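Following are the structures in question.
After this come two complexes, each holding chain A, first together with chain B and then together with chain C.
On to the complex of A and B.
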């Protein structure tokens, strides 16, 4: 696939060109947050950021979305579905961990037999431009869970900072179309690919204390009744921030807003860390305490997802580590599980 | 890529009849008819499947389909008044419009069950999909595909039994072999008094060539499964249907999983053998 070099001072020209033909979503400063928002000028776009506070998953799986509106009048029920976006979209500057998370969401919402048409339409309408991660943060652990700071998985185009230039590589056919449309750039050469490899190696070298997650599902299969779960959840306050900021968490609620005659049905993000998530109308709750809910969250990511899809359902972005108000660190939890199983062996 | 629809849009249905099933009026059966012919033709279901029932303004909730697919043009749901949505539904009457999304989930394993005797064991208002199964098997064109049919059905009191008229019809035709029992008799009840597991122990057919299908409150199921085991029913031929809180019904919203199985998508019908391979979290 084609790879080109864009001089750093020309990046705003490239973004300007993208803005002509697409709705562009990129990381911006939004109050105290870094978040993906629709931009209308290149100056808004952050290209030198660690990672966004909020994951970009909301572009495909919005925090709140209307599934349909309803109105019941004179014995007639009218249901109206929302119209998909008419302009093509570009999601620009996504870190490789988050880009990879889209391929996880695809397995949930676009899995063949049962497809979510709204999600699929948004995915197809959007070209994902990834941004390699030259200096991963101390809380990042993508390379421990099958990803990497320069991974192209989930990106249609991958942009890498090479110092004076950006290397812009087409990864998919969709990405190739976007790269074709870039004017005034030079073709990448052997030297640029060598500098890319060096940058990748130096980014990889910043990871310390890798977590061993291979075969984690096998260890977790033996741990359902382990006393480990009794104390793990004790300091968790059940705020759910770990799930809301997780790029692979896909759980949602469906609720009606409106009267009997008129209103809309909404889909909203939900969290397995909330007690009502699984509580039946009868009051019965299969996951009544934090113990069962923590076990579910961990088992879902590192056992059930692996059983269903052959890899852990975590991309190692570290948001749950950074934002947990009681410092429950998933990396430590995984390391403890690892050492528990060693003790058994 | 394929063109996929919005899977959350229900089809409109009209309430044709509301039947109060129990003396405490807490359980009602709703007969629904399709508004559009094409929806009726597309709605092909099996006994044991469920659907999401919409009460607009309140939301939707999953219910097992209580009617038999052999009754064209009719969908029945038997609903206990428990929360916000079911309370609103209980206020609705003939002519009101609701939404239905489905059929969802797996039905009872009819192909595997064909040619064998069936032992249907139900308790309380979990009898709904078992009633669908029983009426399906009793259908004239279908009856010959299955062996002897035994139905054991229990409720707390006589007044809490569902489908009383139908139970009487079954008794009169003597097919199925029917054993109705109550935990506590009152009034002029002349039938059996006793717990479902005890009745199973006394009247169950030989396990050799029989499928047992069990739906009931957790306590009934807990005490019935050991009885079936003692009677040598292999776990592969003990079939159960589970209940879970659900939203999407299509394996996406993430709340009804037991281990890596989703009750909405991989169930709600499981064999005991399948359930034993899953974590005990339901």
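On to the complex of A and C.
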């Protein structure tokens, strides 16, 4: 696939060109946050950020989504679906962990025989431009869960900072079309690819908190009744930070709102950490306490997902680690499980 | 400044070995710099994990309602005021609780320190008299602690526990002349439109994760109004109107009860200014009823007590 070099001072020209043809979503400073927002000028775009506070998953899987509206007009029921975006979109500057998360969401919402039309339309309409991670954070652990700071998985185009230039590589056919449209750039050569490898090695070398997750699903298979769960959740306050900020969490609720005359059906993010998530109409709750809810969250990511898809359902972005109000660190939890099972052996 | 951690561990160890409590709730070092994490110690080995420092930011009164065990709790000034409130509201039993009060010198706002570091990461953090020493790859800096305290800590007037069984550390004096409502007064002076815009912008960023509610010791309801589905009082959507109604209702439910510990704001992952509204309500209650929450366990609560002298000029 084609790879080109864009001089750093030419990046704004490239973004300007993208803005001509597409709606562009990119990381911007929004008060205290770094967030993915639609931009209208290259100056808004952050290219030297750590990672966004919220994952970009909301672009494909919005937190609050109207599936359809209904109204009674002269005795007839009128259903309206929301109009899809009319212009093509570019999601620019996504970190490799988040880009990889899109391939996880695809397995849920766009896996052939069970396709979600709204999701699929948004995915197909969007070209994902990844941004390699030159200096991963101390809370990052993508390399421990099958990703990497320079991983191209989930990106259509991958942009890498090489110091004076950006290396812009097409990864997919969709990405190749975007790279073709870039003017005023040089073809990448052997030297640029060597510099890319060096940058990747130096990024990999900075990981401090590597964790072992191999065979985690096998360990977890033996742990359903383990006393480990009795106290793990003790400090957890049961909020939705870990799940709402997680790029791979995809559980949702469907809610109808309105009157006999008009209303809407919504799809909303939901969280397995909320008691309401499993509350039955009878009042019975099969996951009555934090114990069952924490076990579910961990089992879903590191056992069930791994059993179904051959890899953990976590991309190691570290958002749940950084933002947990009580600093309950999933890396520590996984390490404890690892040492527990060692003791048993 | 003495490290109070050893004294806290001694007190916790004694409580457990004397059989006075079943668990001591305190803090342990968090796995990342600038963080501490709530810790539940039930034996001598677990007591060794307990620490005390400027990042012990959670309000541990949160963990007290509906707990069957006899509890020892490490409590800052604000935590003890929440405990007073919970006692007043009949949510905890005093005789099953041992309060290890620790006068607090203020908690540091890690997010502001992170933004000061501009992408660099601290690997090691030390606290020295009035200073925070941060070390990372290729840098070492000292920051003036006072400048990085949480806004709630700067406005705090009760750093020393108001109720305790054991006190560890020296009482901390506070400048009572400073106006704790200065920010509220400034905001009140703004035109209505600007105030509305501020709250609308805040609400548009709320993700309804309920970290603010769940970090708050006052939010102990078995069913929160936002979780009720029969009837559904409020749409769970993140439309700005729904998010704003959630925040307003949450604050209204804390009127005359909130002690401004700031736990809600510290828990918020998207950095919302959650204290402005709560502080405003606190100010209103103080002006209307001359009442400050969490100071006296016997004082009647203004919103659940009627007095013929209550201000009533809003009834026309």
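What we mean here is this: the second predicted complex is superposed on the first by the 341 of 345 C-alpha atoms of A that agree within 3 Å, B and C clash if a C-alpha of one lies under 4 Å from a C-alpha of the other, contacts with A are read in each partner's own complex, and residues count from 1 in each chain.
Convention: a residue touches a chain if its C-beta (ideal position, glycine included) is under 8 Å from a C-beta of that chain, and two chains touch if they have at least 3 such contacts.
Worth saying up front: this structure is predicted, and the values here are computed from it rather than measured.
Novice: Quick one: on chain A, after the overlay, do chain B and chain C clash, or do they fit? Just give me the call.
Specialist: Once chain A is superposed (C-alpha atoms), there is room for both chain B and chain C without a clash.
Novice: Return first, second, both or neither, reflecting whether A:32 touches chain B, chain C, both chains, or no partner chain.
Specialist: Second partner only, chain C.
Novice: Determine, under the contact definition given at the top, whether A:205 touches first (chain B), second (chain C), both, or neither.
Specialist: Neither partner.
Novice: After the superposition on A, what does A:139 contact: first (chain B), second (chain C), both or neither?
Specialist: The second partner, chain C, only.
Novice: Going by the contact rule set out at the top, does A:332 touch chain B (first), chain C (second), both, or neither?
Specialist: In the superposed model, A:332 contacts chain C only, not chain B.
Novice: Does chain B (first) or chain C (second) touch A:307, or do both, or does neither?
Specialist: In the superposition, A:307 contacts chain B only.
Novice: Calculate the angle at chain A, using C-alpha centres, between the directions toward chain B and chain C; round to the nearest 10 degrees.
Specialist: The C-alpha centres give an angle of about 90 degrees at chain A.
Novice: Contacts for A:63 in the overlay, against chain B (first) and chain C (second): which applies, first, second, both or neither?
Specialist: second
Novice: In the superposed arrangement, does A:321 touch chain B (first), chain C (second), both or neither?
Specialist: In the superposition, A:321 contacts chain C only.
Novice: For A:118, decide between first (touching chain B), second (touching chain C), both and neither.
Specialist: A:118 contacts chain B only, not chain C.
Novice: After the two structures are laid over each other on chain A, how near do the C-alpha atoms of chain B and chain C get, in Å?
Specialist: So the smallest C-alpha gap separating chain B from chain C comes to 5 Å.
Novice: Where on chain A do chain B and chain C both make contact?
Specialist: In chain A, positions 253, 255 sit in both the chain B and chain C interfaces.
Novice: Give the list of chain C residues in touch with chain A in this complex.
Specialist: It comes out as residues 30-33, 35-40, 58, 62-63, 111, 115, 119, 121, 123, 205, 207-211, 213-215, 227, 229, 235-239, 266-267, 269-271.
Novice: What residues on chain B touch chain A, complex-wise?
Specialist: 1-10, 12, 35, 54, 56-61, 82-83, 85-86, 95, 97, 99, 218, 243-245, 247-248, 250-260, 265, 279-282
Novice: Quick check: in the complex, which residue numbers of chain A touch chain B?
Specialist: 67-68, 70, 72, 75, 77, 79, 81, 108-111, 114-118, 120, 124, 224, 250-256, 258-261, 263, 265, 267, 270, 272, 277-282, 284, 286-287, 292, 296, 299-300, 303-305, 307-308
Novice: Where on chain A does chain C make contact in their complex?
Specialist: Residues 30-33, 48-50, 53-54, 63-64, 135, 137-139, 231, 234-235, 237-241, 244-245, 253, 255, 257, 266, 268, 271, 274-276, 321-323, 325-329, 331-332 of chain A touch chain C in their complex.
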